[in-house]
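There are two complexes below, and they share subunit A, which is joined by subunit B in the first and by subunit C in the second.
On to the complex of A and B.
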């Protein structure tokens, strides 16, 4: 109907880029350190180039004014023989820079050639080249340099360049080989291969550009190293001391006992020049990664990985005696009429604080979790579902911040605690004891160097200091049995278990302290369907037996409908629909929910029409005005742009009700305290809304109506 | 190159022989050597039996789904067809001719006709190259005559075909600035640059958000139909195979265990593994009363079980399943299963009846009155009413 072409083409979501400067130079200018480093290096290069024309004297010319300090005629003073030190410095810059850059070019070329070839071809060629590099790497480089230099006493700068190259290429080659090995396995290299690209072009276009940062860093490092080596060799008299370089200045200063005679001007400029150039090159080095990599460190929304804090089962120092544990009432099956609330979340708002301001990832989310209930939270990437999970458990890390809202937890004995007001100790006890978390990637959440049994035991040690070793061991075996891991697997390391077994082990860790609530963040997403089914059935069986409540977060709506009692659908950081799973499946109320349900291919019954949803999920940093789903919504009308819809309660003909945040339902009663912004009278689509509320919803207004109709 | 390369330049007669497969795997086997460990004298070197004696045919204008769990060998088979790895045994045939084109010109001739689309759009682009840069390389390869402006025109045309309009809005961007759906469209465009006769799509939508998967699948379907190309759709989601592919083959532990028309394979699944796969798939449209109980795991492919590779997990396994590799039995026209349940003997008949009873309600829909959807307006790219006029 009102499908907008822009939305269809997915063009809207990222139409304007996130504001990264497009010009490399502009990007560079933003980093003052890199810029100043670059300026200093450039000054040195320019001085070296123009030295013959700007030098006031011939650097070797002797004069009568011997060993005078800096003066108007000799800015940097003179040597024992009356030679002008400024001229020597300028000419010296030529030699030092020539050696530095020359050696760096040769070394880098050699290491790129050897490293990338070895890494890309692999096999026997790789082994030979690596062996060669390793031999050069273990040779002590300074003695080697001295010996080699001794054989080439008067060959000038070129000889020194060769010496530095021979002793210096191996390190870079090794690093580049390792990098090439990992790049070669990346999908984009395989993609290039599958398009039929030639090998040398893959190396040139795919491998090398991704190594520029390393190559440049090694180049700059070699420049510094070569200048230092040249200076050392010259200072030791192992280079041609008649050719002016900073090293030879130091050599002559030392020979002329400059330090003893107090002629500081003789050696300080050369030393300073080396130090300053070295520092400047390091500064350039710092900024080079940012300069080259198009994916700038973006302020704002952190990556999932950054948010994903490790749950530490650190030992609790303070032993807190728990009173006689209040056993929760026998696991009564959950019903929708239950009012036994365990977790009450009110108006929760979580923001990411970045340079560009505050980005709300979760805004105004409210729900209650009742004892024994499975609450499913569905959402796509960027919907805020994982942020919500982390906020509930207070595992969110900066830049995420809970800026508003309340979370209350009710203990089995009936007392209620404010989760957001807990201090660290209380929080540690709350997690695991009352509420535990099972993450998506068991491999990352389990410690790879600890046996499974030990990791489960760790949690018990931390929280049940009264338990002795045999009791703990028995509990570990019991827990493994509960989740269906054979007891002998307690001594396995995580990598020795299959994905499904690891996920079971995570669940065992989560169950270790008999918590009231388990938050599961995509616990089965990485698993195959058959294994997923095993895990889900295990979770459901345990829930019925042990009577805990579950918050289950996933993007897989069909899975969620099967296992949840209640479903909350998130979009753009908000809950857009919440209903009992059955009601939700039979009568989805929000256009987004309907679109989602019509995106899943089915196995049962006749094939139905799949419509999907046009466009792509929104970027939280640039949410559309009004309803976040508006650009993709087939029913959007004018008011949707102006007004953020609140949750409306929609009654179902056969009892039960849903909450949906959609202006199509403005005539239904608002769920929360009246929101003055939501005035149904101003709604131009009241007719539609009326139809929607009258129990015969959307029959004519919803092209992507589900086949599952309204009748029971 | 060497004399064994027999890849042919496209004859352009693809449509003429509609009944003949464009690309086939004929008794293809692939073993990977196991790395690490000291080679012991006398002991044969260990191998992973990734693909074992698999035959599969792709036809022009048809989508064939290859369904299986991770480690079943489905992605390996796609790469063997793309000639990214050499086969250990059997052969890959393009237009009936055996192909062994792993490098050089022969390989490029092969990929000009057979293009691979990878699973993870975020990983399959060079992060330091712009979209235009990536596409220009593919265009330069497959349209060698074109220069400068012409290439840009080809790129614009490719992006228009995959509905990224206006193209210029995307070409200057780097991969990290685009969404997963957009990037997957662009990897399809990259494959299109070769104007291939076969697309090998390796889990093209698995890493995408649910709401945009359909758009990508419909785009692939449209391209297959418009170009009369063949497509291999590799997936772990058997329900999507039902909707998207004409034929479906199910792989388990390196072997194809069942194949046939998608509707038959998903609605009258014959092999106990296919039945398990269907029973495990989350799907609220089915009455979920009887789930097949299963506690097993796929076998090690270094030392696969003798006989039928599924027998250690199979509730209907008989003695012969542990010894003999099952033959292929016809279930219905075009629908075959490699399972001894369909042998013609007394024990198999009894077991078959037992199995039929257990899975009778496997795909029975939820007991709801499901009214046929009112003649809803045809939505663009809708799978059951393919309409390629718009996207």
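On to the complex of A and C.
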């Protein structure tokens, strides 16, 4: 779930709410299929209404021209008795539509009544009503309908409507009950209850309006079902066969041996009409489905389009085949002057391509990750940090697209590959072997129907075809041991583990192939503070022991300062500051970073007021001109609106150096390459940083004091 | 295990409800169908048959409870009285002759329809946005067609126009029913058209449901993780996406099954197939209430058994339901 662009979803929501609910429904009409469905349904309704005025003949009137095919005087031919089939069809539409709509109205009323009552009252009443619905759901409805209709001999439309209602209400009731149940727990309903609002008002005002889509879907489904049922009953001779409906036409065609005499015009139109109307209703229903469930609008991942869409720029492939795997040398502690780059990301731009144009979620991001380094990426939700993480591994899905930039990965043997130029096979080999990911929620990221062991093992099967089953099993147990999970848990399913254990299992999956890089996307956010600490300590211990590099993504700045070597802060899809963790903490350069640091408490050190940052994260579709942070920035001045700030290199007296994208630092040297690995001593400008850092109230606290000062 | 026991208890309850409903319907319906029926036979019914009919409609000296008890007795002994449409055959004999035809035909068609529909739905969801999307309107159209009308078209095209398959019936009349190759071959030949009709008409529902679930599942984290792991496309599609996407399909089996069986019954009429559907049609024409209610009970029990099987399969496929 969390994978989709949170920022876009939020932007969507705001755009919709500003457009009002009426506009929301109009979106349904954008789909050509839904629109044509709606038009066809309307045509049928109109024809049914005007049938008596447009029918060329009395549908029951017999004539001498028997069994003639379609002609100018009888467009759809005649029956055995010389009756005009077109007139029968038009009158038939009346009866069929009457039964369809009448049954749908009654059925939907009953469904809403039972479903909402059951869901709202809860308790024993709910149990009984749901049981009743479930019983009616498994009873085969057509045989029951046939029995009921048979006992009402020659029942007219009304009888059939009643029978269909009795047998058909259960499905809608079950769906509506489930929805009511979840709506009832929502805050706005709880609030209305707490203020003593009357029950029926709550149901009418707060609950039913939120169920309109489901009710509409169930209504349209019942129309189709009822027309089909009526046709079946009439065809079997269980309805009043003297009243014209599409089913009755087919009944007379069958008894009149239309098949044997080859009078196709007699039986084709009625069935076709039912099928076309049913299809049209289903198409409208699909529109509603996609409306309820927006995921249905996305393209699948198996299409060529989806694969191609990942990288829009054409690329020349540089490295053809992978050489023999060279294991990296024993883990060496990371130092800030290391130049051993593993991952080099340059000018990366990721855009969401939509109807309204392209929205950049990540723009012009550059960074390098060095062997053994922990790079922390911080930012509010919607800042583009997760999109960045998925783009690095090319896991982003349409409509997201990398429109610009380069990603280079350097193997332990020193050869470099262009990640964006890899084909499917190369990409598959690269993934997990060189770079693995730990997702935010292990609950959602582990396959619920596979055992933990199997989910580790299938990586090994895919990447180490040479390993046999006992070796794989041994490796699974070894990996579980590394993260502190008892070996017998390999046979557990994800839902059988505790939250912390699931997250550790997730890490074990990530370690399976001993990758060079692990991207961790908020790996501890869903856990409580104590477990969070255990997991972080485990990650750091493993990093020191196994020597992989980490890209750690979180909004928890205090955590990041503690465990990262380097920190990058993202805002509005851009990196606004990048610095060694220590420098960042002591001398934050960008006003946004300072705001972030000022918005969470420290455990030790002097008391200070928490200030936070006024305003809210920017809408990526409507970024302000110039600096995206400008509207919230206390230091903004005129130039900020006109000029998009570059990253400026700012030296520090202690020898460190930061990069910050803020016009306050224009006198520092622009640094588009954004390479913190460059020798900081070569940068002569040191005074600006000192000036900017001065006056920072907590520049003397140390990172460790923040250790447990989690903000969220 | 507890899940299964609860399911079995639920189906027993449903069976009880259906059987009791069957007892109640003739007693609460307006009019006097018993007399109508007796009059239709113009005194040709034996006194015991007349008595049985009056009992069926609750016109006996016993009170309601006693009637209910003796009704249950007859349900368990399989004694549903005498059929009027097939007078003087017993209802149980008529059903015994016809149920296997339907059972075999509908079982094969349901399983085939489920498998084909689910596989196509999986592919359509996996490759959403490709040409496979055109399957959706096509199958929507196919599943909106009334089964019996589709059957009429099939008969018109393949039995009457092209004469590829026999027109109606379940086997060639010169064959003797039994386990001999001539009969089996003929039965298969006669079953092709009905089977194709029911299967094609039922694919659509499964396909659309599976496709939508597949699309929903594809945006789950575990599918993205599977991709990130560099697993093969097949493994991601089958073990991660489809495996999870088909679970709702299975739990929605009940509703779809009722639909398929209902459609099959009417289809049999068109093919004059010697199964329960044709019998029900004749029973309805002749107002043969004992036969109709027995058929209703039989179909209900079969549907409940099929649902139980689907539920057992579900428990095997979804470990989360196996909570101890």
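Quick notes on this one:
By definition in this document, the second predicted complex is superposed on the first by the 420 of 712 C-alpha atoms of A that agree within 3 Å, B and C clash if a C-alpha of one lies under 4 Å from a C-alpha of the other, contacts with A are read in each partner's own complex, and residues count from 1 in each chain.
Everything that follows uses one rule, which is that a residue touches a chain if its C-beta (ideal position, glycine included) is under 8 Å from a C-beta of that chain, and two chains touch if they have at least 3 such contacts.
Here the structure is a predicted model, which means the values were calculated and not measured.
Looking at the shared chain after the overlay, A:147 reaches subunit C, while subunit B stays out of its contact range. Contacts of A:340 after superposition: neither subunit B nor subunit C is touched. Of the two partner chains, subunit C is the only one touched by A:260; subunit B is not.
When both complexes are overlaid on chain A, the residue A:406 reaches neither subunit B nor subunit C.
Contact with subunit C, but none with subunit B, is seen for A:428 once the two complexes are overlaid on the shared chain.
Once the two complexes are laid over each other on the shared chain, residue contacts for A:445 go to subunit C alone; subunit B is not touched.
The residues of subunit A shared by its contacts with subunit B and with subunit C are 3, 293, 295. Listed in rising order, the residues of subunit A touching subunit C in the complex are 1-4, 33, 131, 134-135, 137-148, 150-153, 171, 224, 228, 231-232, 235-238, 250, 254, 259-260, 262, 264, 267-268, 270-271, 274-279, 281-283, 286, 289, 293, 295-296, 298-306, 390, 393, 395, 397, 427-433, 436-437, 439, 441, 444-450, 458-459, 462-463, 493, 495, 509. Per the touch definition, subunit C reaches subunit A in the complex via residues 10-11, 13-14, 17-18, 21-22, 25-26, 29-31, 33, 36, 123, 125-130, 136-137, 140-141, 143-150, 152-153, 155-156, 160, 212, 214-216, 218-233, 235, 237, 239-240, 243-244, 247, 254-255, 257-259, 261-263, 265-266, 269-270, 280-281, 284-285, 287, 289, 292-293, 295-296, 299-300, 303-304, 307, 317-320. Contact residues on subunit B toward subunit A in their complex (touch as defined above): 69-70, 82, 84, 107-108, 110-112, 115-116, 118-120, 123-129, 137-138, 141-142, 163-166, 169, 172-174, 176-182, 185, 187, 190-191, 193-194, 209-215, 218, 236-240, 242-244, 266, 276-288, 291, 294-295, 297, 363-366, 368-374, 376-377, 379-385, 391. By the touch criterion given at the top, residues 3, 8-11, 13-15, 17-18, 20, 22, 186-188, 190-197, 201, 205-206, 209-210, 212, 292-295, 380-381, 484, 498, 500, 528-534, 536-537, 555-559, 561-562, 585-586, 595-596, 599-617, 632, 699, 703-709, 711-712 of subunit A touch subunit B in their complex.
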